[in-house]
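Just passing along the structure, written as C-alpha cells.
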Amino acid sequence: MAKRPDHRGIIDLRPIRMERSFPTAAPGSVLLSAGGTVVLCTASITESLPPWMKAATKEQDTVSGWLTAEYRMHPASTSPRSERRDRPDGRATEIQRLIGRSLRAVVDLELLGPRTVAIDCDVLKADGGTRTLSITGAFIALVEAVVSWNENSPYEIPLPFLKDSVAAVSVGILAGEPRIDLCYLEDVDAEVDMNVVMTGTGRFVEIQGTGEEATFSESELHEMLRLAKLGISRLTQLQKETLGTLWRFG
Amino acid sequence: MAKRPDHRGIIDLRPIRMERSFPTAAPGSVLLSAGGTVVLCTASITESLPPWMKAATKEQDTVSGWLTAEYRMHPASTSPRSERRDRPDGRATEIQRLIGRSLRAVVDLELLGPRTVAIDCDVLKADGGTRTLSITGAFIALVEAVVSWNENSPYEIPLPFLKDSVAAVSVGILAGEPRIDLCYLEDVDAEVDMNVVMTGTGRFVEIQGTGEEATFSESELHEMLRLAKLGISRLTQLQKETLGTLWRFG
Amino acid sequence: MAKRPDHRGIIDLRPIRMERSFPTAAPGSVLLSAGGTVVLCTASITESLPPWMKAATKEQDTVSGWLTAEYRMHPASTSPRSERRDRPDGRATEIQRLIGRSLRAVVDLELLGPRTVAIDCDVLKADGGTRTLSITGAFIALVEAVVSWNENSPYEIPLPFLKDSVAAVSVGILAGEPRIDLCYLEDVDAEVDMNVVMTGTGRFVEIQGTGEEATFSESELHEMLRLAKLGISRLTQLQKETLGTLWRFG
Amino acid sequence: MAKRPDHRGIIDLRPIRMERSFPTAAPGSVLLSAGGTVVLCTASITESLPPWMKAATKEQDTVSGWLTAEYRMHPASTSPRSERRDRPDGRATEIQRLIGRSLRAVVDLELLGPRTVAIDCDVLKADGGTRTLSITGAFIALVEAVVSWNENSPYEIPLPFLKDSVAAVSVGILAGEPRIDLCYLEDVDAEVDMNVVMTGTGRFVEIQGTGEEATFSESELHEMLRLAKLGISRLTQLQKETLGTLWRFG
Amino acid sequence: MAKRPDHRGIIDLRPIRMERSFPTAAPGSVLLSAGGTVVLCTASITESLPPWMKAATKEQDTVSGWLTAEYRMHPASTSPRSERRDRPDGRATEIQRLIGRSLRAVVDLELLGPRTVAIDCDVLKADGGTRTLSITGAFIALVEAVVSWNENSPYEIPLPFLKDSVAAVSVGILAGEPRIDLCYLEDVDAEVDMNVVMTGTGRFVEIQGTGEEATFSESELHEMLRLAKLGISRLTQLQKETLGTLWRFG
Amino acid sequence: MAKRPDHRGIIDLRPIRMERSFPTAAPGSVLLSAGGTVVLCTASITESLPPWMKAATKEQDTVSGWLTAEYRMHPASTSPRSERRDRPDGRATEIQRLIGRSLRAVVDLELLGPRTVAIDCDVLKADGGTRTLSITGAFIALVEAVVSWNENSPYEIPLPFLKDSVAAVSVGILAGEPRIDLCYLEDVDAEVDMNVVMTGTGRFVEIQGTGEEATFSESELHEMLRLAKLGISRLTQLQKETLGTLWRFG
C-alpha cells in the first residue's frame, strides 16, 4: 500500500480548523483550513429576490426565498499566482452551482420568505478539496447568519428553515486504492475523483464521481461511498463543535 | 404506482432513432431522437492542439492529442423559443465538460497524436435527457469521424485509440419511485436526478446524482444504479446497430 | 466559356431539396439543401415585443408586431471546423439583418398584433449561397408557423398578414462572365457578388451588389439582374410545391 | 410633386464643404459637411498587417497590404444625445465593412506592400447620408495620407496604388418619387433606400438597395441609378477641387 | 536650466485656440487646441436621470440633477494610430471620473432639476495635457449648452446653477525643475506629474500629484502649486474671452 | 468642534492590527484592520513580464522588472452584500493603479530583473480608508515576499531593490474641520477627501485631493497635509514593528 504524501492513513481526514465570526460585514462567516487548503465562507441575507424568481413567483400565493452561492479562487491561492478572470470559468461555475444545490437541499426556502441568502466561498489557499471544504464551511456560515439575522431584524426566520446539516468530502482512487480527502498531489494523479455531499442524518445530497480518462467498477464505487460516509460523520461532529450553542440538529 | 406521461414502464427507454451521416461538413455526424428530444452530434478532427496543451506538452517526448466538446440548445429547441446563447451559460458549460470527460474516458489520447477531436452537440428539440443523449450520440459521431479520417488522411489514427464504447442515461426518483430516461415533465417534478455514464463493458465513467431541494437514501441510490445499467446495455446495443460494420468493440 | 465546378449551365440553380416540418419545437421549420449547402430554418412566434418596440409604440393606438432573424454558422458547417464565437461577427450580423428586412418586406406587421416572429437560420453545411438559401427557407418556415399558430392559439393572425412570397438568389461575375447561384469555389474567385431578394410577384426587396477589390459596368449589372429574376421565379415555384395547400399567393 | 424639407430639387445634392488636413495626428484627414451631416474622416498608415492576414500570406511570395475602416457615431451627433458605443453595433459594423470594401475596390493592395491603411469615419452630426459621406471623405483622406507618407517615409508607395477615385451617394423613393441625397427627415419616411458607390470613371463599386417593409419595381430601380450617377459625378468634381494638386485621376 | 522642446519659458502655457459652437448636434461644443493637443468638448442635456440616481432619490422631496463625463482618445489622435477599445481602459475611466467631479464642483445639481448634463471630451490630437484641456473646454461647452437650453426649452435652468468657473492645468518636475503645461515629450520624462483643477475665484477643486517611480519634497510641491495658480488664472481669462457675453462669473 | 463617530481626536488614527504571514499560497501576505476596515494584502512574484513590457524592452540591454496591483471589494465587505465584480469597475481600476504607482515609487525595478511582483488587495470589511490601508499593507506583503523569495529561489533580488518604505493615510474636511483617517460615516459627509502617500523618510509619493461638489482653500490644503504627515509617521512605525527583523529602512 502506497504512503500518502502527508503520511495519513487511507481513512484519515487532514487536520481541520474552523474559525467562526471571521471579520467581514456578513452576519455569518467562517475561515476553514484542512491541511493546506484554506477557504473563507460567508453568508449574507438580503431583502430581495433574483429577478427570474420574482417573475416566476408572481402568480403564486406564498413567496419563497432563494439561496445562491459564489465560488472563487483568490489569485494568491495558488503558487505561482493565477490571474483573476473577468467572470467565473467553467470549473468555478460548476462548483458554485454544486454549493448552492447542496445548501438548498437542507433548507426550507418557503420559510425563508422573500429574501435571498448569498453564500460566498473564496479559496485563499488551494491544496485539493476546495469545493467540499466550501460546502462544509458554507453550512456553518449559514447557521451563524440566520441566528444573527433573527437577533437583529424585525422579521424572524423560523428555525425549521434549517432541516438538516450538510457537509462534503472528496474520495478517490489512486493507484487502484480508495482514499479520502485527497490533497492536491493525490488529486492530480487520481484515476477516479468523487465528491460526496451528505446530511448530518446520513442521507445523500449529491454524488459526483468522475473518471478522467479512466473508469471504475461497482465495487470501487461502494468502497468510495463507505469512506465518504465515515468522513462526513467526522465533519458533522466538527461543525457541531464549531457552532456550539447555535447547533440544533440531530 | 403512478403512470408515466407517455405510458412507458418504469424501466422502458423512450423510442430512439439514430440517423448516421447527417449532412454537415464534419466527418462524423448523427441525428438522434429519443421521444421528444432531438440532438445533432458531430465530430470534427483538426490538425492542431489547444494553446494550453501545446504549452503543457512542450517538454514531453510524446505529443498527446485532445478531445473537447461543446453543447448548445438551439433557440427553437424549446417552446416558447429561448434566447440564443452564443456563450454557454453555467448549465451548458457543465454539460459540455461532462460530455468531454465521458468521451475522453474511452479513448487513448496518446494514440491520437497532435490533433484535436471536437464534438458538437446541438439540441434541436428538448424534452429531457439532452445531456445523456448527447453523450450516446457523440460516441457514434466519434467512431464515424475516425473511420472517415483514416480513409481520407495520410496519417492513420490507430484503432486501439477507441478503448471501449460509452453511453449515458438519466434515472431519477419521482414521487418516491425510481424511473429511467425521464422526459421533461417528469424531470421538473423529480426529487432526485441522476445521470449515469457507462462503457459498453459495464464500467462506470461518471455518476452525477443530485437532489435539488431533496435528499436520497442508500437503497434509492442502488435502485437507480440498477435501472441505469439496464438502460446503458440497451443503448450500447442500439449504437452497435447504428454503426454496423464500423463497430469494433466487445 | 469556362466550365462550372459542378458542370451546371450559367443559368442553372443547384439541385434543391426542402424538407418541411423538420423536428424542432418551433411551429414552422424546414431543412433546405442546395447542392452542398444545408440550412435549417425555423420560425417561432412569441407573445411579446422587443423592449425598444414597446417603448416606441407606447403612445400609439394600434400595436404593431415585429419579425426578427438570427443567422449562425454551425461549427461543423465548414471543414476544417470553425470556432463558435461569443456573439455574431460582422458578417453574421449583416446577414441576419438582411434576412429580417427581407421577410418584413412581405408581411403586414400591424396585422400580426403584439407578438414577435423569430426566424432562426442555422447553416449546417456551407458551400456558398447560405444567406440567400436562408431567406428562401425562412419564408417557408414563416408560413408553416403562422398556419400552425392559427390552429393552436386563441388569437388568429389574419392571413393578409402575408402580403407576398419572398425568395433570394446569388448572382456574380466570374472571369468576366455572369453566373447564378455560385458555389463556394466560384464565390471566392468572383469579381462581383450580388444577392437579389425578390417577391413571388417579381418586385425587388433588396439588391446588394459588391465588387470586392473590383468594379462592374452597367451592362454587367443588367445581365446579373436578368439571371436573378429567372432564378427567383424557379425558387418561388419550389416554395409553392413545398408548402402545398399552405400556399396562398399569386 | 412634394416639396423637400430643405426646398431642394429632386436631383440636388445638399451644400457640401470639405476641409482638408483637419488637425489630428493622422497623415490624411478631412472634415466634411453635407447639409446638417458632419463627418470627420482620417487615414492612418501603419507598418503592420492584421494577424489573420499574416497567417494567410505566410506561404505566398508577394506580401499584400490591407485597408480597413471603422465607423462610429459620436454621442453628440444626435439630439438627444445617444449612448456612446465603443463596440460597433450591427448597423455600424455593416457600414464600416461597406466603407472598407468601397475603398479597397479602387486601390491595388499588392502595391501597398506589408502595411495597413486604417480609415476612421466619425460622425459628428447626423442628418442622413452619413455612410455615403464617409466613403466620399475617406477617399480624400486616403489620398492625402499616401502623399504625406511618401514625403516622410523611406519606402514610397507607388502611386498606381490608387487605381481610380471613389464616391458615394444615397438615393431613395419617397411617396413614390425618387430623390437624391436624403436628409434624415426624408430617410425615415422613405419606402426604398439605396446607397450607390461608384468610381470617378463611372463604374459601380457597390449597390445596396433596400425596401424596409416595402418593395420596388425595375423602373424605379433604373430611375434611382440614374440619379445616383448624376450625384456621384458632382461629388467626384468636389473631391478633385478639394485635393487640388494631389488629384491624379481621370 | 534646460530648454523646453518648444522653447517656452517655465511659466508659459502653450498657444491656445478655442473655437466655440463647433458643428455637432449638442447645444454646447468647443474645439480647443493647446500646442499640439486638440480636444473636442460637447455638452448635451437630456430630460432623464441615470437609473442609480432615480433609485437613490426616490424617497427625497427635491429631485437633484446629474452631470457626467466621458473621455476618449480618437484612434487617429496618436501616431502611430491606436486601436479603438471595446470600453474605456483604466486611464480613460480615471480621467472621465476626474472631469465629471471637476465640473460638478462648480454647479448646483439641485437647481438643474431632473435632468442630466453629459460632457463628451474626445481627443483628436494628443500631445500632453489632454485631461486638463478637457476640463477647461468642458466648462465652456457647459455654459454654452445651458444658455442654449434656456433659449429653446420651456423649463429654464436658473443661472445660479453655475456657481463658479473651472479650469485645469498640468505642472510637473523635469530634471529637478518645475514646469507648467507639459507637452508629451516632457511628460514622459517628468519625475513628477501633477494636475491641478481650480475655480476662477482661486479655490482648489482637485489636486493629483504623482511620482511615477519617483518622490517629491514639500518645497517642490509648493512650487508646482504656485505655477498652477498662475496658469489657471490665464486660462480663466481665455474662457472668459471665448464665452464673451455668455460669461457671468467674477 | 464636532465629535467623531468613534470619539477619536482629530489627529488620532483608528486602532490598527497587522497580522503578517496570513495563510495563502503567496510568499508575502498580511491581514490588516483599522477600526472597521479589514484588508488582505498579498505579494506574489512570478518569473515573467507582462506582454507590453516584453515588447517595450526588446531592444534594451537591461531587462527591468514590473510591479502591478489589483484591488477588489469582497461581496461580503459591505452590508448589505454588494454584487461580486470580477472585472474592476471605474473606482477599483483607479485604486489599483494608485496602489501600483505608490509601490513602484519605492522600488528599483531594474534590480528586480525579469520578474513581476503582483500585489493583491482584497477588502474583507469596508469602513472607509480601504485604499490607503491597502497601500500600507501592500508594502509589508512586498517586503515579506522578497525576503521569502531570496530564501527559496536560486536568483536573489538585491535588497537595495527596496529604496524606502511607503504608507498612506486619508485626510479630509468635515463641517469645515480637517480630520485624519476618516471612517465611512465621516467619508460620505466630507466636503474634501484627500489621500496622501508618503515614504518613511517623509517624501511625497502621491497626493489626491478631491472636492466632490465642493472646493477648498490653500490653508485648508496645508492643514490636511500636516495631519497626513503625522499619520504616516505613526503608520511607518507600525510597519516597522510588524516586519521586525525584516525591516531595513531608515
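Going by the order they are written in, the chains are A, B, C, D, E and F; count residues from 1 in each one.
Everything that follows uses one rule, which is that a residue touches a chain if its C-beta (ideal position, glycine included) is under 8 Å from a C-beta of that chain, and two chains touch if they have at least 3 such contacts.
What you see is a predicted model; the values in this text were computed from it and never measured.
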Other chains in touch with both subunit D and subunit E: none
Chain separated most widely from subunit C, comparing mean CA positions: F
Which integer distance in Å separates the CA centroid of subunit C from that of subunit D? 28
Distance between the centres, which are taken as Cα means, of subunit D and subunit A, whole angstrom: 59
Multi-partner residues in subunit F (2 or more other chains touched) are none
So what shape is it, when you link every pair of chains that touch: line, ring, star, complete or other? ring
Write out the stretch or stretches of subunit A touching subunit F in their complex. 22-27, 29, 33, 38, 40, 42, 44, 46-47, 70, 72, 74-81, 84-88, 118, 120, 122, 124-126
Which positions of subunit C touch subunit D when the two form their complex? 90-91, 93-94, 97, 101, 104-106, 109, 164, 194, 199, 203-218, 221, 225
